[in-house]
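Going in written order, the chains are labelled A, B, C, D and E, and every chain counts its residues from 1.
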Amino acid sequence: MKTESTLEKILASGNLAVTSECGPPRGAVPDKVKEKAEMLRGYVDAVNVTDNQTAMVRMSSFAACVIIKQMGMDPILQMVTRDRNRLAMQADILGAYAHGIDTMLCLSGDHPHFGDHPQAMNVHDIDSIQFVQMVHTMREKGTFQGGDDIINPPKMFIGAAANPFADPFELRVARLAKKAKAGADFVQTQCIYNLDKFETWMKGVVDRGLHEKVHVLAGVTPMKTAGMARYMKNKVPGMDVPDEIVDRMAGVPKEKQAEEGIKICVESIQRLKDVEGVSGFHIMAIEWEQKVPEIVKKAGLYPRPEIA
Amino acid sequence: MITAERKPLEEIIDSVKPFQRILLVGCNECVTVCAAGGRKEVGILASALQMNFMKAGQTIDIKELTLERQCDPEYVEELSTHMDQVDAVLSMACGCGVQEIARRYKDKPVLPAVNTKFMGASERQGVWAERCQGCGDCLLGLTGGICPIARCSKRLLNGPCGGSTNGKCEISPEVDCVWQLIWDRLKALGMEDRYEDIMPAKNWQTGRGGGPRKIIREDLAE
Amino acid sequence: MSFRKRLAAGEFVVLAEMNTPKGVNISKMVLDSRRIKGRVDAVIIPDMDNGVMKMSAMAGGVLMHQQGVEAIMHVYCRDRNSMALQGDLLASHVLGIQNLIVVHSEDMTVGDHREAQPVNELDELGLIAAIRTLQDGKDLAGFELDGRPDFTTGCTIASYKDGELELAEKKVAAGAEFMVTPPVFDLDVFAAFMEKAKRLNVPVIPTVFLIKSVAIARYIATSEPEANLSETLIKRIRKASDREMEGIKIAGETVAALRDMAHGVKIQTLGWEHRLGAILDAAGL
Amino acid sequence: MMNDQATMPSHNKILVVGGGIGGIRAAMDLAESGRNVVLIDKSVSIGGLITQLDRTFPTNDCDLCTLSPRLSEGGRQEHIDLLTMTEVKKVSGDVGNFTVTLSQTPRYIDLEKCTACGDCFKVFPECVSFNPGLDHRAPTCMRYPQAIPQAYAIDMHKCQDVKALENVCKAGAILPQQTSKEIELEVGAVILCPGADVFDPSGLDHFEYGKNPDVVTSLEYERILSASGPTQGELVRPSDGKKPEKIAWIQCVGSRGLQKGAASYCSSACCMFALKEAIVTKERFQDSIETTIFYMDMRTFGKEYEQYRERAENEFHVNLVRSRPHSIVGDEATGGLDITFAPDDGSPSITETFDMAVLSTGFKVSESVRKMAGTMGIELNAHDFAKTDEFSPVATSVPGIYVCGLFEGPKDIPETMVQASAAACLAAKATQPAVHIDEDTLVNLPERDVSSEEPRIGIFICDCGLNIGGVVDTQNLAEFGKTLPQVAVSQVVGHGCSRSSMDIIHKTIVDEKLNRVVIGGCSPRTHETKFQDLLQRAGLNKYLVEIANIRDQDTWVHADDPEAAKQKARHLIRMATSSVKNAHPLIEHSLPMHKEILVVGGGVSGMTTALSLADQGFKVFLAEKAPQLGGLAGRIKKTIEGRDVPVFMEALTQKTLQHPGIEVIFNAIIVDHTGMPGMFKTGLQIAPQMYYRQIEHGVTILATGALQNRPETFLLGENPAVMTQLDMDTLLEEDLDRIKAMRTVAMIQCVGSRCPENQNCSRICCQSAVKNALRLLDINPDMRIFVLYRDMRTYGFTEDYYLEARKRGVIFVRYEKDAPPQVRPEKDGIEVTFVDPILGQSLALSADCLCLSTGLVADDEASEDLAMIFRLQRTGEGFFLEDHVKLRPLDLSTPGFFVAGTAHSPKNIKECIADAQAAAGRAQTLLAKNSIELGAAVARVDSNKCAACLVCVRACPFDIPFINADGYSEIDPAKCHGCGVCAAECPAKAIQLMQFEDDQILAKLDGLLERMVA
Amino acid sequence: MKQFEPVIVAFCCHYCAYTAADMAGSKRLSYPANVNIVRVPCSGKVDAIHLMKAFEKGADGVYVAGCLEGDCHFKNGNTKVARRVAYVKKLLDEIGIGGERLEMFYMSAGMGERFARVATEMTKKIRKLGPNPTKAMSTGNQGEAVA
């Protein structure tokens, strides 16, 4: 084992891992974090805690992770390159690890253009791949990015994001390869609605043997309404929602749409379970955390394995 | 070239309000080419300011002048004969020009009339786009001649983020995803394998990160 | 270093063809030669090439000499009998011309004086031999000369076809010291020729021809298949946004490529001598 | 029958009969080449048929815009004597020495005095001649607003009170005593372009024309569309003024022998005409209007016309229905028109209701023209058109009398323009140039240098026979002028453009040492040149005059408010005065003209054009890339009329080779080109030795021809039984035995034409097929011949041959574009399978020979090379692109360049010869000049200000500016068109358009808004 | 008080709008005398500065009249100037002169009626808008704007 991470252990055991996420509140209210995390207890192996998601200011991921950790659950620290330069990032990593947070996800982050601080300076001192590399170097070589030795280096289990649907599509496998090369241990993918395209990508991943270097957690998001489906299809960059999904959502009465969304999500998981190279699922139920247990159960991923 | 854009008239009007006699100075270099501060723009701005004050029954004395280049002291010297007849200088040059005038004429307020934007190229007539951030350590050789620092919204050096859709950037469908461009170009050059190398974290010392920069050519400098 | 010495030293020689005017306006010729002075080893002055009456090569050669550009003068048998040829050769030597190329002269009927009387008293071999004789101090009638002329004399070969080499061999045997060959459009074909031409044991100077337009390229490709001007080359010019420049680039590239294959090049621009500089630039010379 | 025997011309005048577009073109070409012309027209003003058109296809230009400057040019040409309301009575004598008797009907108007004010019309509308249009009255009784001459005509018979009419004219221009007069003229040659009538459909009962107002002819419909027409450009149904929703066009009314009294020929222009009207209807009014054209064959055979048809169908959704409607019946209940027609697939008749029907009426020769031809002794053909020869397309049977336009045969505008220039070329040969009086040196005072003088402005106010004076007090206006700064003289000069007034102005300029002049008068569009000439005569640079348009744009429009008119007149005078101060002398660059011509291409067009010019004493270089002359025509054996092409070509070749004025350069490859019109320099490489030679010439004519298309389809080149029409043409002369052995011949039309690879119609293949079919039958009358076609395009008189072929048993079967015939090799021939459109079944036939009508395509590689060297434009198909498809079909957009023959588009030999003569005629107009005049209104760059930003380079619509070696923009004054777009866009204000400089424009504003400053 | 009579400048293309104005003349179509024409070889010659200066010098309304789309003698001068007009309109809005005082019109040489109609409409509109604000203070009140 490279780290103490629960997620690493689950994945190493050969079980399908399940993660979900929790967006910290826009205020200094620790209860909100606890409330959300509590819903997931027992149903997931680790909880992603987002970092100023959609470029909106929220409680820092680090702080929320500490709260979750104190609840006895396993948080995944998300961190974006948008808001901090390499000094701040490394400092926060040291801090988080010191609080027992041993799993993290390295991202570049949404552009501030869409957020609540469009005037903010876009830092991007390093990019997400360089970020992965930096965390990996801290762990493996025990040095800071600048080259100095670290006293007691943090042993982070390193995650990254992968979007199999963005363009240019042919670069998508290569990009994963690059992340693997940089030292990513696992990736969580963009929400998958176009399963065919995902499988094409996955085949590319398997053909290059990448699935043996990096665990792929397939991202899924249940849709609440047909409106949401349409919005995701048309407005969210890098999202691929096929027409039949939109039609299917729109084809049922409004009050049944949420149910249909869950159904689609569960079906997707069922199908993806059999796809070679898929090591688990990342269920992003945005502001709908209460549905995660249902999805996990229906998808036959419950109960979660106990790892010593 | 350095590109610029005229400031909103309201801002300019506000800035010249306290003054009666204005020397409006254009520059015949980059800002002429990008239609922000050449002789023509000087004329239009002078006319607009004039009308604005006439509207309120006031007059303003505007002298129009366009220098060959506002960033060279020798050209800026040409203004000296006019300086005692004006209360302030309104410069339509880039920030370099404004500062050069301020440096030379210490007792005159110098006001910028344009916002200096970026180093760019003409995409077509009337359209300029950012091309270079002057990072001081050019890596275009690795990226097919297309700069991800200047042209990627997130300055990603190792490939496109997950928001790239149909070759466009997630921030706007008007913006090309530079990594799409780079990738297309690398493919055209048969250099796809270049992509697989991880580009290390950028050394920003050569750029603004290292503080204000200066170039000294020892053979030329006196 | 003079053309003769460079040749002897086995160094690559760069020659440019420079045409005399049809008339007495020599300004273009002078101007063009000044543009390339110091950039070529010598200029070749054709003499009433193609049967078109022009200012004689001897005058052109002297003019170049005056400009400080070494000249190589064409001599041929169509228009002068043996007396006139010998007289002119002596005069040329006295006026400073040191190099000759004995060329085949085009038929009178293709030129602009179709009714003129062709002479052809000597042939190419005979003329080469005559030059040799003069250099040995005798004229063709066997009389002693008061002072011998001295020339570096070359010959030409009509095409890259088989059989031409045998003819050239005779010219070399008669006294030719170098050989100028036709335009090269296909380096592979030329390389094969060079292999065969080794046995002549004289320096070989191929011609690089400036292609000015697609029509010219097309003409050569269709009417002279032995020139091996390929369809790819035509396409390359057609695709170029600036065809004139593309032709120059091609010529330059050919010159550059021939550096490793031949003993020199002759750049032939036929009316576009003002572009010689650009070709040399393109060749990296 | 070419009637160009050398005769010593003794008269330098040429009579042009007919002032339509062709007559104007011929007259202008002649005038520009220094010949004196008498242009006569039987109507009250010139312009002919085209003035009734709204827009012309395929560019859909507004004709008025393109034509009006042309007409004013015609009007002011020194060499043209214009006689309207005049006809030819008699012609006697021979070429070079004709005596012509003309008769002129009285206009009852003094042209010198009439100002076209329209007062007579306002009071006595019934006495003023007008042009009958659809409506009974056009808004003005001049035929169109820019009529030449700008004068009314009176119909005295209708006038009840002559005295009152006389009194109404303030200019005193009415001459009730005027009588008919006879004029006798001595001329060297005559050009006939009397035009044609359109077929009158009122005799056809089944179309209800004349009975139902909603059935109109295409020309009447044109008037409805026209902005200057009776409805002022509103599309309304004549019967009830409602906007029509469904309009039908019926083709071939009066053509192709379809109706009672119809001619048997094809009128050639109506298909495009109908398509244009349908498109304009949709474009201008409403896309929802349904437009349907009923036709037999869609004959869009002109250059790029096929693409126009495609656009009509696919972009504008014009319905094209292949059918001949058998009746139009007005439906009283709905007010609609029921059109009954049988679809061409054989299904039963359909009746459909339309709101309007347009009859595409064809052309026919009018009775009066036929009579005139009779008096001249001109032979007419079977259809009463002037008979011409295929090898001499514009010569009539009488030497020295030439014909062009519709009287030669039905045709479209470009062909008319070509024939007009061709006729001008031939007529010029029969006459001598007028003795050239160099007016500059004789009449003009030497130009005074005024650059160091303070402005001394003279203002001259014209009262224009009460046109101005009747509304504003001109004296008062002149007094006002005196108060303006720097004005030395300000006076009223009566009729400003009359000779006496001009003399006063002239004298005042000299006596008062004026150095700027303002004319307060009518529009500079019509009179600027006149006053510029006056200044020149008075020793001032012609650009020191400014005209204040106080008539057309003031007194004429503000007559109802004299006070406002007075104020505005003052504004206008002040603007002009203020602006003229800043005017400076401009130099019109002039360079000596090279009179040599380079003709590229030695085919039938090249040789003909070379000979036409060389015969007039010009030196011609004829550069041919092959080692012999002849081109494509050298391979053709027979024309459709049966003329022997090789005999003609041999004679032409010998004449060309032996002509002392022509230097033929064989094996010539063009490699470089520089210079400007009048002084070009072209470099040639002459194969095989590649001798380089430069030619200096004033004009370039491209006659580089086209290639025979040989697409690799239908087994062409694979199977010996498959050949092109050109191969068949040869076979017919050389292998009679093989022909005799053939029992069945199939022909396929549009092979390699009208397809994605080549969208053009090749124009000549339908007639080639008919020609060869008839010749095959001549040899072997029992032969079965099948022609598989898409549209038979035997335009003009070739329709007769099509008819003959059908009569003689040739079977014509139509196929659809997407269901072309299939071919399969057989043992001794070829099997052709096709779908019979009536049976709707697939039929197979065994043919001994399959003849493909492959047409012509541009030599893409060669024309591209030349276009790059000469910097010319080409069409998408690789043909050279003319300056204006209709009005300047042979002029290329680069001045000094002309195109002739198939380098322009596919053509037959006759058309090529006309082209060649016309190109020579056009070239002549340039060559007549001794110097090259470059206009003064050109953009000039101040290199000190130029930032080399490329804005002008990108903005110029003609790609003239470039950044020169010194790093600033350079604009060649010889190429600048003078639009001023670069000057307006230059961010460094480094460019000024001469004559319209910024300080002049701003001074005008100052003049207008002066009181704000005061 | 007398009705306000604006001064309007019309930049007219020689080939189309200027000819249309002449045509309005030859048809005796009356339109307000407030419109004063400045002839240009092509509407594309009209510079943004000309438009600005016209207002600065006191014009109450300005318009550019060019050929119908596709009919420009110089290919596209009319569409080029239309963009310039739009730009200057914005500028006029910014300085409070009002972009609606500036317009672009298209017409062909044959459209005398249209010329007259445009002139009438433009005059009506400017009358309604009142005098050029730059003059308002200097002349005191509206009525005296025209001498």
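Following the convention adopted for this analysis, a residue touches a chain if its C-beta (ideal position, glycine included) is under 8 Å from a C-beta of that chain, and two chains touch if they have at least 3 such contacts.
Model, not experiment: these values are computed from the prediction.
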Q: State which chains count as neighbours of chain B and simultaneously of chain C.
A: D
(Q) Quick check: which two chains are joined by the most contacting C-beta pairs? (A) D-E
Q. Which chain lies the greatest distance away from chain E when centres are computed from Cα atoms alone?
A. C
Q. Hey, which chain ends up farthest from chain B, C-alpha centres compared?
A. C
Q.
By Cα centroids, which chain is closest to the centre of the whole protein?
A. D
Q: State, to the nearest whole Å, the distance from the C-alpha centre of chain A to the C-alpha centre of chain C.
A: 76
Q. Could you state the distance in Å from the CA-based centre of chain A to that of chain D?
A. 73
Q | Separation of chain C from chain D, taking each centre as the mean of its C-alpha atoms, in whole Å | A | 54
**Q.** Chain centre separation (chain A, chain B; CA means) in Å
**A.** 40
**Q.** Residues within chain B bordering two or more other chains
**A.** 40, 43
Q) Residues of chain A that touch two or more other chains: which are they? A) none
Q: Could you check chain D for residues that touch two or more other chains and list them?
A: 955, 989
Q. Touching pairs of chains, which are they?
A. A-B, B-D, B-E, C-D, D-E
Q.
Help me check something: in the complex, which residues belonging to chain B touch chain A?
A. 153-167, 170-172, 177, 179-180, 183-184, 195-196, 198-202, 204
Q | Sites on chain C touched by chain D in the complex | A | 19, 49-50, 52, 106, 110, 209, 212-216, 218-219, 223-224, 238, 243-244, 270-272
**Q.** Touching residues on chain A, where the partner in the complex is chain B
**A.** 81-82, 86, 108-111, 113-114, 122, 124-130, 133-134, 145, 161-163, 165-168, 170-171, 174-175, 177-178, 181-182, 190, 237-238
Q) Quick one: in the complex, what on chain E touches chain D? A) 7, 9, 14-16, 18-19, 21-33, 36-42, 44-50, 53-54, 57-59, 67-68, 70-71, 73-77, 80-81, 84, 108-114, 116, 135, 138, 146-147
**Q.** Of all residues in chain D, those that touch chain B in their complex
**A.** 945, 947, 949-951, 954-955, 986-990
